[in-house]
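In the part that follows, the structures are each spelled out as C-alpha cells.
Both complexes below contain subunit A, partnered by subunit B and then by subunit C.
Coming up: the complex of A and B.
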C-alpha cells in the first residue's frame, strides 16, 4: 500500500512544529481535520493545509515529499512499528523522545537530532547539526536507546550525555564529541575535531582515526573483543563502514579517568 | 501383547509417558569449535536426571559460525527442570561455574520462550563494577572483563514452560554389543532433531528405574522387569532372546520435538534390523495416569 504523503506546497513562512503529525496522532482524522491542525509556533497561524498537500495512504508509513530546515520536532514521540520518510531536510529535534519506529531523512537535519530518543532507528543521509542525540538544556541525560546513523558530518557536541544506544557518524564530527557520555556507543568514521570524550563515564567511542585523547585517557593496549565482532554483525546492514571498522584490531584507551573512568575509546592499532 | 514387527524388529504396543518441564538454553560461542563444545560439555555435565542433579541438560547441536551472532563457532545447549525457578537457578550456577570460566566463551539467548530468565544480569557482578552493559537492538548484553579478555553475555535468555521431559525408548537386543550398536544409531538420529536432547551419558541410560523400592524411603529403584539377569526370578518383561536392555530418555522444548526425536530413534533402530542391532523396542510409562504426554510407539513407525 502506498504511504500517507505530505507534499510540500511552499517553504513554511515560520518554523513549524510537526510533532502532531505522527501516525498514531493522525489515526482516525479526516484529511479536512488534518489540514486544520495548527503547526505554527508564533501568533501568526500556520496550518497543515497551508504548507502541505495531503494524499491518503497507509498510516503505518508517512512520507514527506520535500523538506525544510524549518521542520522542527519531526517524528517526536514516534511509536514502534511506524515509519517516517522525508525527501528533504528537517529542522531541530527530529525524532525527539521517539519510543521506536524508523525515521529516514534524505537531506540534512538541524540540531538535537534524536534528543531523548528511546528506541527509534534514525537515519540522516546528509549532515546533522549540533548536539546530535544530546539532551535539551536542563536535562540530565541524552538519548537512552535506539540507533542513529548520520551518513554525512555531525556538528559540535555530538553524543552529548548519551545514556544508551548506538550513534554512527560516517563523516566528521565537530568539537567535543562524546562529552559527558554516561554509556552507549558512538562511532566516527571520519575525523573527530578537538577534544574527545570529555568526562566520559562508561561509554564506548569508536574512532576510525586515532588522535590525542589527553592525559586522562589511559592506553590499555590492542584488544580482540567478542563484543566488537558481535556489534559488527549487528551493524553490517545499517553501516557497512562502521562494521568494517569494528572488524579491525582495536586499541583500547580507558577513561575518562577525570571522572568515573570506566568508558573507553577504541581506535585501530 | 500382540507384537508389531518392522524389518524383523518387534515393537511393543506400548507408549512413553512424559511430563511438562521448564526448558531453557544458551548458545555458547568460542574462538574455535573445540572450546565452544568444551564449555557446553562442562555446563551440561552432571545433568542426567532432575532427581539427583536438579536439571537435565545436553547439547542440542553445533552451530556454524555463519549462524551465530558473533560469527564464531557455537554450540547450543538446552537445560530442563521441573520449575522455572529450578531452571533459572541451575542455569545461572552452571553458567557462572562452567561457561564464564571457560576460555573464550560468549553466551547468547537461543530459546524463544514465553518467559525470560536473568543470566548475564546475574553473573555481571563478577566484573566488580568494571563490567559494561551494551544494548543492541533492544537486547542487553554484558561485557565482563576476565583474564583472557572479555566474557560477553546476553542479559536474559528465553524460557518456555511448554517443554516436555521423559520421552523414552527401551532398546532390547541379544547382547551388549548389538544393543549398543542399535542404541548408538538411535542417539545419532536423535542428535539430528532440533530442540531435543538425550541427557544421559552419550544419550544412553543402562539403569532404568521403576517407581518405589523394597527399602523404605527410596522412591526409585532398578527396573527388575527389564534386568536380564533376573529374567527367571522376577516378573520379567523380557523374552528369552533378550540379553541386554538400554534406554534413551529424551527431553524437548516442545511436544513435537520429543515425538520427532523418538520417531527418528525408532526408525534408526528398525533400519539396522535384529541381526546387527536390537530385536525389540519398548517404551516406559507409569500406567498413563501421571504424565499428560503419551507417545505410542505404533504411531511412530515407518
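Coming up: the complex of A and C.
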C-alpha cells in the first residue's frame, strides 16, 4: 500500500511544529480534520492544509514530499512499528523523545536531532545541526536508546550527555564531540575538531583519525577487543564504513580521568 | 537636543512612540532584544514582548546561559562576594579579564587581607590565579599565578579534577607533582572559593569546575562566585525568571512562554527572517546589535550618543547614571537601588516602553 503523503505546497511562512503529525496521532482523523490541525508557533495561524497537500495511504508509513529547515519536532514521540520519510530538510528536534520506529531524512537536519530518543532508528542523509542527540536546555540526560546515523557532517556538541545507543557521523564532527557522555557509542569517520570527550564518564568514542585528546585521556596501547567485532557485525548493514573502522586494530585512550575514567576513545593503531 | 530620530532625522517624541507601536504591532513575530536595562525596564520590555506575542533575548545571554545551563542541568555551588571576603581562606581566580568583567572585584574580595570569620580567621589568605591576562594579577600581592591561555583553562581544570580523584593524567612527572601540590592546597582549605566569569569560561569548563567543587565538599567546604554578564544581565535574568519562569531567549508566540536557547536567539531570529521587526534596548552603553545586514524594521532605545543612522531611535536615560535604577549588584548578590549621579529629562527605558505600549493597546491587532 502506498504511504500516507504530505506534499509541500510552499515554504512555511514561520517555523511549524509537526509533533501532531505522527501516525498514532493521525489515526481516525479525516483529511479535512488533519488539514485543520494548527502547526504554527506564532500568533499568525498556520494550518496543515496551508502547507501540505495530503494524499491518503497506509498510516504505518508517512512520507513528506519536500521538506524545510522550519519543520520542527518531526516524528516527535514516534512509536515502534511506524516509519517517516522526508524527501527534503527538517528543522530542530527531529525524532525528539521517539520511542521507536524509523525516521529517514533525505536532506539536512537542524539542531537536537534525536534528543531524548528512546529507541528510534534515525538516518540523516545530509548534515545534522548542533547538539546531535543532546538533551534540551535543563535536561539531565541525552539520548537513551536507538541508533542515529548521519551521512554528512554534524555540528558542535554532537553526542552531548548520550546515555545509551549508537551515533554514527560519517562526515566531520564540530567542536566538543562527545562532551558529558554518560554511556553509549559514538563514531566519527571524518575529522573531529577541538576538545573531544570532555567530561566523558563511560562512553566509547571511535574516531577514524588519531589526534591529541588532552591530558585526561591516558594511552592504554593497542587492543584486541572482542566487543568491537560483535558491534561491527551488527553495524554492517547500517554503516559499512563504521563497521570497517571497528574491524581494524584499535588503540585505546582511557578517560576522561577528570570524572570517572571509564570512558574511552578508540582510534586505528 | 535630539530625543528621537527616524533614519537620522529628528522627529517629535510622540510621533516616535506611535511609529514604534505601529512597527511592532504590525509584525507577525517581533523581537525584543538587547535588553540592556534596569529591572523596571526589563519588566516593561518583557511585558511588551508578551503582549505582542514576540520573543525576548538579552545581549549577554551567551554568558548568562553558560552559568544557568550548568546550574540547571548539573548543579552549582555559589556564594556572595561578601561571604567570600569574610570567610574565604583560599580563593582561586579562574581566567583572564576578571577585573574587566567586574572592575570592583579586588576591592570587594579584599584578597590581600585575611578572612575575618571562620576557622582560618586572621590567618593569611591563600590566593591563586589561573591564567590571568598581562599583569592583571600584580594587583593582588602574594597571589600565586599559574599561567595558562584562555584555551588551556578547561584542560587545566580537568587535570586538577583528575588528580584530586587520584586518577592518572598524561603529563610529565614534574607537572603532575605541581598539580598535586595545588590539589593539596585546595584540600586543606577550610572555606575555599573559585571565582570565574562566563565571558572566558565555556559551559563545559564551568561544569568541570563545579564538579570539582562537589568533590571537594565531601571533605571540606568549597563554593563559587560567578561574575555576571554586562548590561544588567543578572538583573534582567532574575526579572525574566519571576515573570515567565525562564531566562532570556524565551518566546510568547503561542501565547504562553516557551524557552529555547536556539530558537529564540536574537541573532538567529533576525538572520533567518523569522522575526520581522525588532526593538533593540541598550540603555547602559548603547552597544549595537550583533546582526549586520538587518533589513527588518528596527527601533533602538539607547543613550543620546548611540543614535544609529538607520531606523527609529528614541533616546533613553542610563540606569543608575541619569535615572535611579534597581540593578542586580555583583557586590552584594542582591537587588540594589542605584541613585542617579547626573539626572536628565530623558525618559527611562520603562517610561519609553510604557509610552509605546499605550499606543499598541489602542491600535492593537487583537
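Note that the second predicted complex is superposed on the first by the 269 of 269 C-alpha atoms of A that agree within 3 Å, B and C clash if a C-alpha of one lies under 4 Å from a C-alpha of the other, contacts with A are read in each partner's own complex, and residues count from 1 in each chain.
The criterion applied here is as follows: a contact is a pair of C-beta atoms (placed from the backbone, for glycine too) under 8 Å apart; a residue touches a chain by one contact, two chains touch by 3 or more.
These figures come from a predicted structure and were not determined experimentally.
Superposition note: with subunit A as the common reference, subunit B and subunit C can be accommodated side by side. In the superposed three-chain arrangement, the CA centre of subunit A forms the vertex of an angle with the CA centres of subunit B and subunit C, and that angle is 130 degrees when rounded to a multiple of 10. Ranking subunit B and subunit C by residues of subunit A touched puts C first. Of the two partner chains, neither subunit B nor subunit C is touched by A:27. Of the two partner chains placed by the overlay, only subunit C lies in contact with A:258; subunit B stays clear of it. Contacts of A:92 after superposition: subunit C is touched, whereas subunit B is not reached.
Of the two partner chains placed by superposition, only subunit B is touched by A:166; subunit C is not. Of the two partner chains placed by the overlay, only subunit C lies in contact with A:198; subunit B stays clear of it. Smallest inter-chain Cα distance, subunit B versus subunit C, after superposition on the shared chain: 14 Å. Across the superposed pair, subunit B and subunit C touch subunit A at no common residue. In the complex of the two chains, the subunit A residues touching subunit B come out as 119, 145, 164-166, 183, 185, 202, 204, 223-227, 229-234, 262. Those residues of subunit A that touch subunit C in the shared complex are 13-15, 41-44, 72, 92, 111-112, 130-131, 135-140, 161, 176, 179-180, 195, 198-199, 214-219, 256-259, 261. Note for the complex: subunit B touches subunit A at residues 29, 69-72, 106, 129-130, 132-138, 141, 143, 149-150, 152. Contact residues on subunit C toward subunit A in their complex (touch as defined above): 28-29, 53, 65, 69, 72-73, 154-155, 157-159, 161-162, 165, 167-171, 204, 207-208, 211, 251, 253-255, 258-263, 274, 365-366.
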